[in-house]
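Look at the two complexes coming up: chain A is in both, with chain B in one and chain C in the other.
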Partner chain A sequence: MTERPLSVVGHFVTRVDGYDKAYGRTKYTADVSLPETLHVQMLTSPYAHAKINHIDTSRIWDVQGVRAVVTGNDFPIRVGPLVADRMPLAVDKVRYYGEPVALVIANKPHQAKAACNKIKVSYEQLPVINSPQEAMQNESVLIHEQLNDYKLQVEGICAVPNTNIANHTKIRKGDMEKGWKNSDKIVEAEFSFSPSDHAALETRAVRAEILPDGRVMIYTSSQGPFYVKKLLSQFLKIDEGKISVQTSMLGGAFGGKGCVQLEFLAYLASKAVGGKMVRLVNSREQDMVTSPVHIGLHAKVKLGADSAGKLQAASYEFLFDGGAYSDMGAGISKAGAVDCTGPYKIDNVHCDSYCMYTNHPYATSFRGFGHPEQAFAMERTMDMLAKELAMDPLELRMINAIKPGDTTPTQVHLNASNLGDLPSCLRKLKTLTDYKETKSKITKEGKIRTIGISAFWKTSSTPPNATAGVILTFNTDGSINLNCGAVELGQGSKTVLAQILAERLQMDMKKINVTFEVSTEYDPHQWKTVASSTTYLAGRAVLAAADDIIRQLKQIGSVALRCSPDDLNVGQRLIYLKDSPEYNMKIKDVVVAYKYPNGNSVGGLVIGKGSHVVRHLTPLDPHTGFGKPGPQWTVGAQAVETEYDPKTHAYRIIKAATVLDAGKVINPALAIGQMRGGMYLGLSWASRESFSFDEQAIVCNPSFRSYDVMRIQDHPDYLVDFVETPLVDGPYGARGIGEYGVIGMAGALANSLSQASSCNINQLPIIPETIWKLTKGDKQ
Partner chain B sequence: MDKGYFNLVDFRANGVPYQLFVRNADTLLHILREELGLMSVKPGCENGDCGSCTVLMDNVPVNACHMLAVEADSHHITTIEGLEDTKLQEAFIANHALQCGYCTPGFILNAHALLSHHPDADEQKINEWLESNICRCTGYQEIKEAIQTVQKELEGNG
Partner chain C sequence: MISFDFLYFRPKSVHEALQIYQDLSHEGLQAVFYNGGTEIISRARAGEVQPDAVIDMKGIADCQGYRDEAEWITIGAAVTLSNITDEINCFPLMQRIAKEIATRNARNKISIAGNVLSSLNYREALLPFLLTDSVAVVAGPAGIKEENTAALFANGSRLEPGKLLVQFKTEKERAGANYFFKKKTKQSAVNYPIATLCAMKREGKITAGFSGICTFPFKDAKIDRILNDHALTISARAEEAIAHLPEKMVNDFHASAGYRHFVLEQLLIEMLEHFEEVS
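Right, the complex of A and B next:
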C-alpha cells in the first residue's frame, strides 16, 4: 500500500492564536481583573547574605486599605522541586539580594506598596559568596548550614553536607590514562560567565483564592500548571484534588516560568485575608532578581586529540552558579554533564559537574537546560584545538561527529533513530553560509569579517515517567475540540498539535478548536511544557487520541453502513467504504449518536483519549553516570559571522545560521521562527546580557535600563535550514526542536570574535570592553 | 489621607470620551488597564524601557507607563483595540512576526504611527522608531519584514 502524501504536516499553516495576538485580545494572567481582588506586594531583601534579627510590621497599619501582612514565620517550611531548601519567605536569614521577606495585602496596589515601605527589618550582614569558585573554595561560609537535613525530592541529586554543593554529578567513561596517552595535542581552558535573566516580557503573575470548602484556586503564568498543583499539594498538605491551577497564554517563558515560587506566596497571602482573591504581579526588577534567573557557570575543559584530529579524551569541571537555592539548578548541572562532550565521539570522558550555592539570585531552567552554557565552553575548546592542530574548525567537527553505533557520555547506545545526522547538518551549514575557510576577510574600512561555527546536541532530561494526554470531543457540526495540558508560551505548540490531529483525521485545520488555556480541572495531566518535549509527548498523545476516535467512528459506521469496521476509512469529515466511497456517512451524524430513519439511536458520544509516556529512561549511576537520561538526541550546526573593528573592539553580527536535524518539520514557518528566536536569545545573552554584581553580591542592573538586550537595529540576517532524519517513534518522525536555536550561539559568536581579535574570548558577555581587556597585553 | 490627591481628566480613548477622577500619581497605563479595561496595553517594565505599553497619543507613540493619567487630559489615546483599517495585524500574522504576542500590540501601534508619519521609511528609519520596543521571542527580522510588506502594499495602492 502506498502512503498518502501529507497534506497538513510539513506545510505552512498560520498559527491558531495569531488573530487573538495580533489584535491584542489574548488575555495573560495579569490581564484578568475581577472586582474585590486584593493586591499583594513583596518586601525583598536589600542584602545578599544577612541574618534577620527582627521584623517590625507595626507601622503598616498607618496606610489606608491594608488588610494583612505575612512573614516567614507564618510558613517556616522548606520547599523546592529537587532539594527542598527554600522557605517561600525568608526565615532567620536572607541568602540573596531580592529574596522575599514579607508580603503586604491591601485593597489597592499602591497601598500595599506604601505599606511595604513601612516595614522595618533589622539585618546583620554576613560574609557573601560571590562566585561558584568561592563557593567551592571557601568552606568557612556556608549558605545552607543544615543542608544535611534537607529533603531530596528526586533520585539522582547528590547534595554534599557541610559544603556549598547542591548537586554533584559524575561521569566516568573509558580509560582516561589511555586517552591522554593517545593524544598528540592537548588543550586546556577555563570559561566563565555570571548569571543573567530570561527577561520574558510578561513578568510572572499569579492570582489565588481559597474557597469556603477548602478548594484552592490558582491562576498562574506557569509552564507547569500540573507541577504547581503537585508541589502545592505536597508542601501545603492539601489533597491534589482540592487544588485547581489554571494557566492562560504566557507572554514568553524561556524556561523561567517552570519554577514554583509566587504560587506559594499568593496562597499564603490569600490565607491571611480569609481566602479572598489576591493578585501578585512581579515588577520588572522583582522578575529579574527575586524570581529565578538564568544560571551562571565557571568551567574547565581539557581535550586531547591524535595528530589526525580524532578526539581521544575529554575532562570537564563545571561549577554552575545555582545561586542561593537549588531549584532546577541542581538538574541543570546534571543535564550539562550527561551531554558534556557535545555531539562528538569521545571514548574516554571524565566530568565533575557541580551546582554551587552562592549568594546570587537562584537559577531555574533556561532554554537549553545546561546546554548553551556547557556548549560555550566545549565549542570554544574545539576551536582552540583546531588551531593547535592547524585544522579547519568545521573539518575537526566533521571528523569527530557522533554517529549511530557510538555511545553518549552516560553510555547510551545511539542509533539512526535516536540520534540526528550531524555530518549532514555540517555539510548544509557550509552551503548555507558560503563557508569556504574561516580565515578572516578585511573590509575596505579595515574591519575584520569572520565566520565562527559550533555544533550542538541535546537530549530532553525528563523524569522517567514524563507524560502528556489529550482528550478530543466533538461539536454537533463535526468540528473537534482538542484539550491538552500543553501551555502556549509562544512556541506554537497549540498549532502543531492541531496540525498533527488534522493530518491523522484528514480534516481541515479550521474544524479543530484548540483550547488555549490549561486547567488542571478539565485537561489531562501533562508533566510540564519544557525540555522541547511537547511535540513528542503531546504529539504522540494526539495521535493516540485520533486513533481512538477513528476506531469508534468505524465501529458506529460499520453498523450504519452495514459492513465490517475494517472496510471503512475516516477522512474529509466522512466515514466511507475504502473501495466504494459512495457508501459514506457524515462524521457529524455519528458523533452525538447515530439516528436511524425510524428514530432509534445508537453509539452515544464519540470522545477520544490518548496519552504518551517517555520510555526506558533510568536514573544515573552516582559513581559513573551510567544511565539513560532522555529519549533522543537532536543535533545541529550553527554559524555566526561578525564584522569586528580592531580599533574600537566594537562589532556587528552580520549573519547567524542554524541547520537542525528536526526529524520532521511539522510547520516550516513555526520551526524557522523557533530557530530565529533561539538564535536571537543566544546572541543577545552572549553579546550583552549579564547581571553585574558588586562586592556584596548586590545585582547592580536589575532593569531594562541597565540590563542590555538586543533590539531591532542589532539583528543579523538569520539563515535556517533543516535536515530530516526521522525519529521512529516521534509523531510523523518529528524530534524536539524548541530550545535548540540557542545552544551553539555563544560558542559560534566567541569563535568568530576570537579569530578576528586573535585572542581567546572565553568569558561572556562579549562586549567591546571584554575584548579590549583581553587584547591588552594578552595577545596569543 | 488620599483627599486632595485626585484630579478630573477628560480624554478620549479609541474615540470614546471619558471623564474620570484619577489619583495624581496614577500612570496612564494603570488607568487604561484597570479603569477602562484596555488590557492590550501591556506592562513590561513600567520604566519606559521596553515599549510593551506603547499607545498613541494624538497619533504619536508614547509609553503609557511613562505618562501620568492627568497628562492625557484633552488628548486622544489610541490602543490596538481602536486601531482600524490597518494591514499591520494581518501582516504580523502572515509573516510570523509574533510568538507569545505580549509585545505585539506595542510594536503594531508604533509601526502604525511610523507608517502614517513616514510611509516610505527605510530600514534605518524603521530601526530608529522601533528600537524602543523589545521582543524576546522572534529575531526582530520577522517584525521588520511584516512592516515592509505593508509598505509595499501601500505603495502598490498609491
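Right, the complex of A and C next:
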C-alpha cells in the first residue's frame, strides 16, 4: 500500500456503544428476563474449611414453587482451566467461605432463596490455612489431599502432590553467585497483601437452557464465551457444536469474568428441571466471595547492584494466595515469574514462584495478571535500593532500563519492536509530572508532598495457540457488518476494531456496523477477551479480513472495469483505477454480485474473512524457565503524587500519571480513558481494597458497606501521555495497552508514601493505620 | 432480595401503631417498627432478622417534621438525615453529623430513630441529643413519656420491645451552642467511624460525645470532668479521658484498638485546643 496519512486510526472517534450506555439503554445479561424462566439460588458455605457430613434437603419442599435441588454428588467431577481441582458444588468438604454447596431451582427467586435456608448441612470444622506462608509451612493441613490424581489441563503447570502447592514456576538465569559478588549494595524486603475483589458494577450472571434436541444454550456475562463452550464441552462431555454460548455487553470485568463457574451451575440447574431455562445472578455478596477474586501475595525480593547502580542480581520468592482452587491463580504465579524483574536488564535472576492453596476464596485473573502484584514488590525494592545507593529513583530506573539486545528472565531476545522504549517513557514522565530530583515539599499546613514513581512491563500470557477471527459481510448499500468474538467489557475494543477496518478500507466509520453480542454459533472463534490482546489479535484479524475483501473487490472490479486487479484501488466506497480514479464503480454495486448492463451477473457475495494466531510461543522449561511466554512486551512509567499528613498518617492522592509505549495510539480518547481507568483501579486497590479474614478465614467484609473502594471525591488528577514505538506486526504498529494503567500504581503510591513517612511501606492496602503501625515500629 | 413473607402496616397515629404491635404480639407474631428500612432490609436480605411484620412509622404525623417553637425544637423520629441537612439549621452539630453519615441516597432514607436504634455500634445521630440533654419522647403500652436521652440510652441500651421513639425535644439555646466535630474512618470518608468525637461548650464547660470507639455511643460525666480539669495539661486530659472510657476500645477489622487509641487521643487534643482558642 502506498503511504498516506491515516484518517481514522490515531484520531478521536466516539465509541460506538457510548450513547446507549450514557442513556442507560444497554441491556446486560441479567436485564433480560423471559417468561417461564426458573430461578436458581446457591446455598454457600459458612465455613472456610469443613467436612460435609450430611446434607438434608427434605425441608425445601415446604416452600411453594420449588422445582428441584442439586448438590455436589449430582456432578462429582472436578473442573478447572489449568488444574481440574474444583467440583462445581462442594463434595465431602468445603474449602472456602462462600463456596457453593447446593442449588435450589424455583419459580421465583425468593422461593429458591427461602428453600436454600431450609437445607440443613452438617459440617465438621477443619483447621484452616489462612495465608500462603502457612500453606507452605504447615504441611499437616492439606487442602487438596488428592492433588496427585488431578488432571492438569495445560502444559507447564507444576502442582506438587502432598503439599498445598498448585503451581511452582522456576526461573534460573545467569550465575547468581557471580551476581551477588559483583554487587556492592544488596537490599532485601518482604511484601504482602490479602486477596481482594474485582468490584465490577455488573455482578456475574448467567441463563441456561437445554433444548429438547440436546443443544445447550448459555447466556452469560463472560470474557470468554468460546472458553465457556470449550470447558463445558470437555467436562460435561457434550459436543462443542451442541453448545451455544452468547454474551452481551459486560458491565465491567477486570479479569473476573474470564472464569467459568456459574455456567456449570446453571447447566446443572437446568438439567435438574428437564432443561428449562434457568437464571442465576450473583448477589453482590456472592460476587465478592463465592465467585473468584483478585489474588493475594507474599513476596521476598533481594536485589544487588554495583556502586554505579547497575543491577547485578535479583532473587524472588512469590507465594501467591490462590485460595481454595487454582483456577487462573496457577497461571498468574507463572506470569509473575516470567516478568519478575520488571523492565530492567538483570543478567542473574533466580525466582521461585508458587501458587499456594489456602482456605480463602479462590483467585482468577485480575487486570494485569500477576504484574500489578509483582511490580508492587519489585518497584518498592527498587526505591529501597535507590535510597541505599543515595541515588534518585528515576535515575536508577533509567540506567537499568531494559533495551533492545537484552534478554528477559526467561531469556527471550528483545528488540525495538517487541519491547518498546522505556527510557523515553521515563523522560516524558519527568516532564509530565514536573518531577524534580528534589525530595518532598512541605506545605504551609505541614503536609508532605511527594512524587513516587514506578516502571513496568508486561507480556500477555496467551496460550501458544491464542487466536481471533473476523468475518465481514456487506449490506446492499455497501456498508459493512463486522463480526468477531471479542467481548465488549467497557474497554472500547469494538470501536478500535471498527477504526482499523475503516482505515484499511478507507471507509467512513458510519458505514461500519459492529455487533456487540457475541455468539459462539455464528462468530468466529476467539480465545478470550483478556490479556490486552484484542487490539493485537482481533486487530490483525480485521486487517486480514479487510485485505481479503479488497482482493475480492479488485477481482470483480477488474472484470467490470476491464483491467488487471493490480491496476485498482479500493476506497471511499469505490473501486477505481489507480491512475485514473474517474474510472470507477461503487462497492455497493459489487458486493451482492455485479450486474452487467445486459443483466448478467458475476461475482456472488463478497464475504471477508481473516484470522490471526500468536506465533512462536513456547512452554517454559520446568527447571530454568527458558522459553517464550508472550508475543511482545509493553513498557511504561508511572508516578503518583500524594499529600501526607505526618501527624495523622492520612493522605490524599493528588496526581497520578502514566506514560506508556502504546506502539500506535489508535483512538486517543479511548487510550487515555483506559489509562485513567487502570490508574483508578490500581490506586483503589493499593489504597483501600482488601478482604479481611478472621482467625477462621471467614471474610469479614463481603459487602460494599465494609469493603472499601475509591469514591468519586477521592480521585486524583490523571495525567496521560504516550510514546509510540511501533510493534512491527501489530495493527498499524499498535501494542496491547488495556491492562497497563493498573500495573505500577501500587508501587508508585507506596514509594511516594514511603518517602514521605520515612518508613518502608511494603504491604497493602495503604490505609493510615498501615503507616501508623510502621512509624510506631521505627520509633520503638 | 428478601425471601420471606411479612405483614406491612402503615398506621396514622402513635396509638394505632402501639395497638397494632400489641395485637400482633397477642397472636404470637414478632413486629418491628420500620422507618427508612436501610437496616431492616439489609439485615433481612442477609437472613439476620426475620420479622413477621413491619410497622412503618412514616405515616404518623407526630413522628414527622420538625417544629421550631419559642424555646424548643422538636424533631420527629421519622425525619430523615437529608431533611436534617437541608432544613434544620438551628441545630448545626446535628446537621454536621448527619451530613457525614453514609451517602446522600442513603440519607434520603435513613431516619433519626433508625440511626439511634440501629443494631450497629455507631448510632452517631444520638450524640447531639446526648450533648444537649434532649428529651426523648417514647411511647409504650403505658402511654407517652418524656425521658432523659442520656439515661434512656445509657451503656448502649435501646428501647424495650414494643416501645417506639416518637420525637426528640431539644432546648434551642443548647442546640445552637458552639461545637466541635470530627469523624475518622479507616480510609474513605463514607466508611463507618473508627472514632467520632463531638463536643459542645456552654457556660465555659465542655461536654463530649463519642462514637465508634466502644460498642455504643456515649457521653460520660467522669470524662467531662477530666476534660474540664484545667489543672491538667491538654495532653494529660486527653490521656486521662481515654483511661476512663466506659468500655474497652473496639478492636476489629476496621481498626485495631491501638490505632483507635492513637486517633482518639489526637481528636481529644484537637478538640481541647479548639475550645482553648475560641474562648
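To be clear about the criterion, the second predicted complex is superposed on the first by the 774 of 780 C-alpha atoms of A that agree within 3 Å, B and C clash if a C-alpha of one lies under 4 Å from a C-alpha of the other, contacts with A are read in each partner's own complex, and residues count from 1 in each chain.
As a convention for this text, a contact is a pair of C-beta atoms (placed from the backbone, for glycine too) under 8 Å apart; a residue touches a chain by one contact, two chains touch by 3 or more.
Predicted, not measured: the structure shown is a model, and the values here were computed from it.
Asker: Looking at A:Ser692, would you say it contacts chain B, chain C, both, or neither? Reply first, second, both or neither.
Answerer: It touches chain C, and chain B stays clear.
Asker: Once chain A of both complexes is superposed, is A:Gly322 in touch with chain B (first), chain C (second), both, or neither?
Answerer: Neither partner.
Asker: Using the superposition on chain A described above, determine whether A:Ile767 touches chain B (first), chain C (second), both, or neither.
Answerer: second
Asker: Determine, under the contact definition given at the top, whether A:Gly469 touches first (chain B), second (chain C), both, or neither.
Answerer: It touches nothing on chain B or chain C.
Asker: Figure out whether A:Thr26 sits in contact with chain B (first) or chain C (second), or with both, or with neither.
Answerer: After superposition on chain A, A:Thr26 lies in contact with chain B alone.
Asker: I'd like to know which partner A:Gly336 touches here: chain B for first, chain C for second, both or neither.
Answerer: Neither partner.
Asker: Once chain A of both complexes is superposed, is A:Asp708 in touch with chain B (first), chain C (second), both, or neither?
Answerer: A:Asp708 contacts chain C only, not chain B.
Asker: After superposing on the shared chain, does chain C or chain B touch more chain A residues?
Answerer: Tallying touched residues of chain A, the top partner is B.
Asker: After superposition on the shared chain, which partner residues are touched by A:Ala114: those of chain B (first), chain C (second), both, or neither?
Answerer: A:Ala114 contacts chain C only, not chain B.
Asker: Which of the two partners, first being chain B and second being chain C, lies in contact with A:Glu202: first, second, both, or neither?
Answerer: In the superposed model, A:Glu202 contacts chain B only, not chain C.
Asker: Identify the residues of chain A that lie in both the chain B contact region and the chain C contact region.
Answerer: In chain A, positions 110, 283, 705, 709-711, 713-714 sit in both the chain B and chain C interfaces.
Asker: Looking at the complex, which residues from chain C come into contact with chain A?
Answerer: 1-4, 42, 45-47, 184, 186-192, 252-256, 259, 262-263, 266
Asker: Where on chain B does chain A make contact in their complex?
Answerer: Going by the criterion above, the answer is residues 1-2, 23, 25, 33-34, 37, 39-40, 42-47, 49-50, 52, 79-81, 89-90, 92-94, 96, 98-105, 108, 126-128, 130-131, 133-144.
Asker: Can you tell me which positions in chain A touch chain B when the two form their complex?
Answerer: The touching residues are 14-15, 17-28, 30-31, 33, 64, 110, 198-203, 249-254, 281, 283-284, 489-492, 669-670, 672-673, 676-677, 679-681, 703-705, 709-715, 717-718.
Asker: Spell out the residues on chain A that touch chain C in their complex, using ranges where they run on.
Answerer: Answer in residue numbers: 109-111, 113-114, 116-117, 283, 285, 647-648, 687-688, 692, 694, 700-701, 705-706, 708-711, 713-714, 765, 767-769, 772-773.
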